[in-house]
Amino acid sequence: MRKLRFEEIGNISEDKIHILGRIGRQKNPLPLFFNGSGVEVVVTGSELWIDVETDSDFLEMWVAVEINGAFISRQMLLPGEHSLCLFRSMEPSAAKRVRFYRELQAMNDDPKVKLLVKGFRLDGEFKEVPRYERRLEFIGDSITSGEGSYGSMEDVDWIPMYMSASVNYSTMTAKALNADFHLISQGGWGVYCGWDNDVRHNLPSVYERVCGLANGEMNKELGAYENYDFDSWQPDAVIVNLGTNDVTSFNMPEFVNPEDGRTYKMRMNADGTRNREDELLIVNAIVDFLTMIRKHNKKAHIVWCYGMLGSDLNLVITEGINKYKENSKDENVSFFQLPNTTMETYGSHMHPGLKSHQNASVELVNYLKYKLNW
Amino acid sequence: MRKLRFEEIGNISEDKIHILGRIGRQKNPLPLFFNGSGVEVVVTGSELWIDVETDSDFLEMWVAVEINGAFISRQMLLPGEHSLCLFRSMEPSAAKRVRFYRELQAMNDDPKVKLLVKGFRLDGEFKEVPRYERRLEFIGDSITSGEGSYGSMEDVDWIPMYMSASVNYSTMTAKALNADFHLISQGGWGVYCGWDNDVRHNLPSVYERVCGLANGEMNKELGAYENYDFDSWQPDAVIVNLGTNDVTSFNMPEFVNPEDGRTYKMRMNADGTRNREDELLIVNAIVDFLTMIRKHNKKAHIVWCYGMLGSDLNLVITEGINKYKENSKDENVSFFQLPNTTMETYGSHMHPGLKSHQNASVELVNYLKYKLNW
Amino acid sequence: MRKLRFEEIGNISEDKIHILGRIGRQKNPLPLFFNGSGVEVVVTGSELWIDVETDSDFLEMWVAVEINGAFISRQMLLPGEHSLCLFRSMEPSAAKRVRFYRELQAMNDDPKVKLLVKGFRLDGEFKEVPRYERRLEFIGDSITSGEGSYGSMEDVDWIPMYMSASVNYSTMTAKALNADFHLISQGGWGVYCGWDNDVRHNLPSVYERVCGLANGEMNKELGAYENYDFDSWQPDAVIVNLGTNDVTSFNMPEFVNPEDGRTYKMRMNADGTRNREDELLIVNAIVDFLTMIRKHNKKAHIVWCYGMLGSDLNLVITEGINKYKENSKDENVSFFQLPNTTMETYGSHMHPGLKSHQNASVELVNYLKYKLNW
Amino acid sequence: MRKLRFEEIGNISEDKIHILGRIGRQKNPLPLFFNGSGVEVVVTGSELWIDVETDSDFLEMWVAVEINGAFISRQMLLPGEHSLCLFRSMEPSAAKRVRFYRELQAMNDDPKVKLLVKGFRLDGEFKEVPRYERRLEFIGDSITSGEGSYGSMEDVDWIPMYMSASVNYSTMTAKALNADFHLISQGGWGVYCGWDNDVRHNLPSVYERVCGLANGEMNKELGAYENYDFDSWQPDAVIVNLGTNDVTSFNMPEFVNPEDGRTYKMRMNADGTRNREDELLIVNAIVDFLTMIRKHNKKAHIVWCYGMLGSDLNLVITEGINKYKENSKDENVSFFQLPNTTMETYGSHMHPGLKSHQNASVELVNYLKYKLNW
């Protein structure tokens, strides 16, 4: 590593680094809060390293590296300071585009989890990073967190190594459209409640913070709880992929919320249909969430995508969207069903695998091209 | 053809012939009204012929033959009496399952079009035709009529040779599920109006007749206008694939209905969105059609499928379904989006080709298996 | 058919008709001897018919039609005169490219089989048929005759309806390369002997006649036995796909040749390997056949393709090719293995189906582009 | 890492560890010489670590991890001692099958390159590793070293991160057949000479040593130069995939061998064909190599596979095989062509990418199943 100079992340001029994912005011060191969050540089030189700091408890950090658009490596990072070589022994004069990114979703369960980028070590020069002309924001659950995108069909542990941004319909879609993207997702959460009837686990409650999913004092200091500056990054399209956990809650036991001591349960009728009042809770949550998204994203096309793990909630979701349209007169919103995952396309613990993410991305890319006239 | 004996279709006992497609009271000769309508027999012997009578004017009949489940031939039939050899020189002792069917949709435009099956000529025996355990009814437009399923990308004529039941998501779905099926479809028609704003061109108006799509005295005599006896054939699922023409009408010129002299036009707003009153015409037509379908099919799962030529009407269709659900408290109805057709999957005149029909069928088969617990 | 005028095939000027497949001196009426043989015209007008005459005994003729490059129809033709409508009701001003072709291989077993094209009936004009810039000759067995390309996995009859040029790696290859092509093939035949040890059943013995595969006085009169005028059509590549039957003969009973009363049998050794002397019979037949092909095709690249039904003879075939190269110093010859057929890609009676023919064609197209610098 | 106990690799009983790849006498620590070489254990417990030592100069080590048969991670390892966590926070009672393996080929160019496995750290128990019932040995060049299996189409550096065992037809084939496997391969080498006419770069010269590809005193001490004990691991099939570099040498400049000062060059004739004497050098090298392979693998089926980067040498390779067969009377040898790589299936620097490796594996699996009656 001799010959290499260190460049602090905060000292790299804005045109020479592209930051993927939402960020708050703190940029030096730079916290990466979400899966898919990362840094992208174009450098000459024979060698490039990245300095990061991580922490975690039970559930550790995972990161991945992409060079010139191709997946290169993926590894676990345990708590500590890490200096990671991203490439070496390459032709010094050639410019390489390198992306280092977080594989692990924002970890609501572990307030210790963090990933900070401090800077790069290199023997070349930073070049201008070509700007992405398009921007996509994805809001989702375990599917968007890439749960099950790695691992064997038989694996059922709920651990970071099975989650990813590298095998993920959202990143595939962004890549195919040459788009910058933000992911805001959490496994098990819904638009109204989580899979286990935990009504606190809904994405709308965290959407307006930089990373409302992160917990604890440390994350607070990193700026996770700041109000997110939506004006800083206006997407062309917001893709909401929620509903899979809301619909699961009907089949799960009741949940006692420790915060208010009350019991929550989405109810089934005796005939096996869903309780209408409870469906309306979801409908109204959708109306409210769409209203919130539109408030912050005035021009974006909003498309609610759903179907990668069944389409049982199609009519409830579209009821919500239609009600929102009626209330708001907003016509720039749509519903698009994604292809279901089958026995041939599952990854681990009955979540979408590589092939399912690819199938979904093909359809979604096609749809966005049409809808946004790209 | 010496050695062959003629068996009139009306003399073949019910267990030894399977009739595909809706039929009325007339069965001898047997009119085949729809694409996919046909006859299926299991015979021994070295040779099998079918005697049919056809008529047509500008737009001629097309038929196809399947042996032991595999596509064998497809040809045009001009007006007249035809004795067609379905197979010959085969091992006499082996039983062959043979399906002869109509490729051409019911021809609303040509009252002369007919296809009558008179009987078979054979040197073997009719065997029992194994019964299909499942039943599917498809109601659709040009997609379900297989328009563009044959022909080259550049072909734009609107003629029978480009329509089919042999390359068709509906027949592929039925085959994959080992299901009997009925098709009721018409190119250019919708649930509320046709692609050209012709409000007479809606499927609900003809659904309750044996073949309300057929016109003229000859078809009347064949029983096309009889009320259809829904009790005679109750499907497990009704698949409605309509909306593609309704949504097109917004972009087409007004239509003067010769029957009432009035002008019809689905209107666009100045901002490029659809006129809300006109959307509601479709919504209400959906409510009414679902009510009609349910009246006649008490137990069937009704799934509205849509999306093979764009999904612009998703929210209007689901609004209709949701309104129907609210009115009727009927929960046995769903919405399922089919994969869109792309430049790689078009057939002729910008309609779904083989690959698009296959893609749609894969998704639909998967969905029906789940929904009907098959 | 009123309004249509008849044009005798012999009166159509050479630039306005393209004849597919080998022909001899007789062109009016035009005999089509091989599968894939046919006529191609470009016509305006609303309607086009073709007048043909067929004969056959046990095994009947099959033909197919392609319009603007797309498969349209396929049907059986029993003995007699036929006036077949190829299209009607099409836009008169548009030029349509129409190919009418034989599906059935040359029938060595039935001297009555014939297919004569007499002329067309039309209401438009013949336009110039764009010339193909490339030419391919395929010499093969049942694979090239398309045996099993139609029909169900369970079908085992050896009858014409399972053979084709429409589902055939050779025609797919020609189409992908925009090439004119000739097929010379016969099911069950080899380069040295047939699958049943019949030493008369080798392609070299018939290669130099227009259609040495056809038998009887009628075919003689049609010019089938004339020496083929190789100068009239020099291919860019000759693709030989033989060996599958030669290797099968080792596992089949001996054959008594009725012509010389002698017994023939390709022998296996006690240890399950092939008798070396008998292998050398094949090796030498390959040397001789390559010598014959080169004599008549001075500049063509000759590629021996093999492998669609197993690759057991790879080393014997390449031994023959290498021996030929050594003798002749001819370097313009190669060996190319085609992908094997699997349980997923079989058609009927354990022959390649659609998917296998497509797989083979993809590889062969790729190879020919490279080899011929296309 | 508290609570974890260390188990030295040499202390794990043989039934509780499976070693992938050739090994010599030294097993504690265990050197992994080839790509695909690795260790496989089945363990209970919540956590598993592996302790390894690496060294290298310019070209660093890369390793990968597979859990329960699924790819999990892949990373660079710079020189030093490493304690790598393979998994953590997993259900302690469940047994996990874990494979840790080398991605980087044996590095003939860098005598410092090494990868030693010292032991595991765990809180569970080693369970018996199910034995593989089949064994495959692959001998190859850059294709078998997985060159270009990672990286972008535009990448041209020759560095370790583009090589792999994780995306490799050989490991895919072994996995599909549930087979243990050995890889012996080197990028740029041939059966007679390297791509650059370096006659020292032929696989036969190193085949009989444990890892004749490794250089220097350190590797000598690790046992790389020991005669390999072929009896310790007899494969069911030996797959030789060589020839791609031999054929390239004809188009490359001459090479001066520093060891004997002589100049070497495979020559082209003026007409663009290959010099026959030089072809015979390859032919004879093949005869000699097959003889050597057979000497050490008495019962294995030997199949020469070739074609993933063109099939120009088909006839030279088969000439060699045929000559070997003639000399040896050995019939248990065959030639099998693998599908070529196309623009759609390239990885980086014009080598096979993921899709090409998958295509090759599908064909090879099918072939081996047939040939070995599996």
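When the chains are written out, they are named A, B, C and D in that same order, and each has its own residue count from 1.
The working rule: a residue touches a chain if its C-beta (ideal position, glycine included) is under 8 Å from a C-beta of that chain, and two chains touch if they have at least 3 such contacts.
What you are looking at is a predicted structure, and each value in this text was computed from that prediction instead of being measured.
Visitor: Which chain lies the greatest distance away from subunit D when centres are computed from Cα atoms alone?
Guide: With centres defined by C-alpha atoms, farthest from subunit D sits B.
Visitor: I'd like to verify one number: the distance from the centre of subunit B to the centre of subunit C, where each centre is the average of its C-alpha atoms, in whole angstrom.
Guide: Taking the mean C-alpha position of each chain, the two centres sit 38 Å apart.
Visitor: Can you give the whole-Å distance between the Cα centres of subunit C and subunit D?
Guide: Comparing mean C-alpha positions, subunit D is 43 Å from subunit C.
Visitor: Using mean C-alpha positions as chain centres, tell me how far subunit B is from subunit D in Å, no decimals.
Guide: Result: the chain centres lie 57 Å from each other.
Visitor: For subunit B, what residues touch not just one other chain but two or more?
Guide: Not one residue in subunit B touches at least two other chains.
Visitor: For this assembly, give the contact graph shape among line, ring, star, complete and other.
Guide: ring
Visitor: Which chains touch, pair by pair?
Guide: Pairs of chains that touch one another: A-B, A-D, B-C, C-D.
Visitor: Touching subunit C in the complex: which residues of subunit B?
Guide: Per the stated touch rule, the residues are 58-60, 62, 67-76, 78, 85, 87-91, 94, 150-152, 154-157, 159, 161, 348.
Visitor: Would you mind writing out the residues of subunit D in touch with subunit C in their complex?
Guide: So the residues of subunit D in touch with subunit C come to 271, 273, 307, 310-311, 314-315, 318-319, 321-322, 325, 331, 334-337, 339-340, 342, 363, 366-367, 370.
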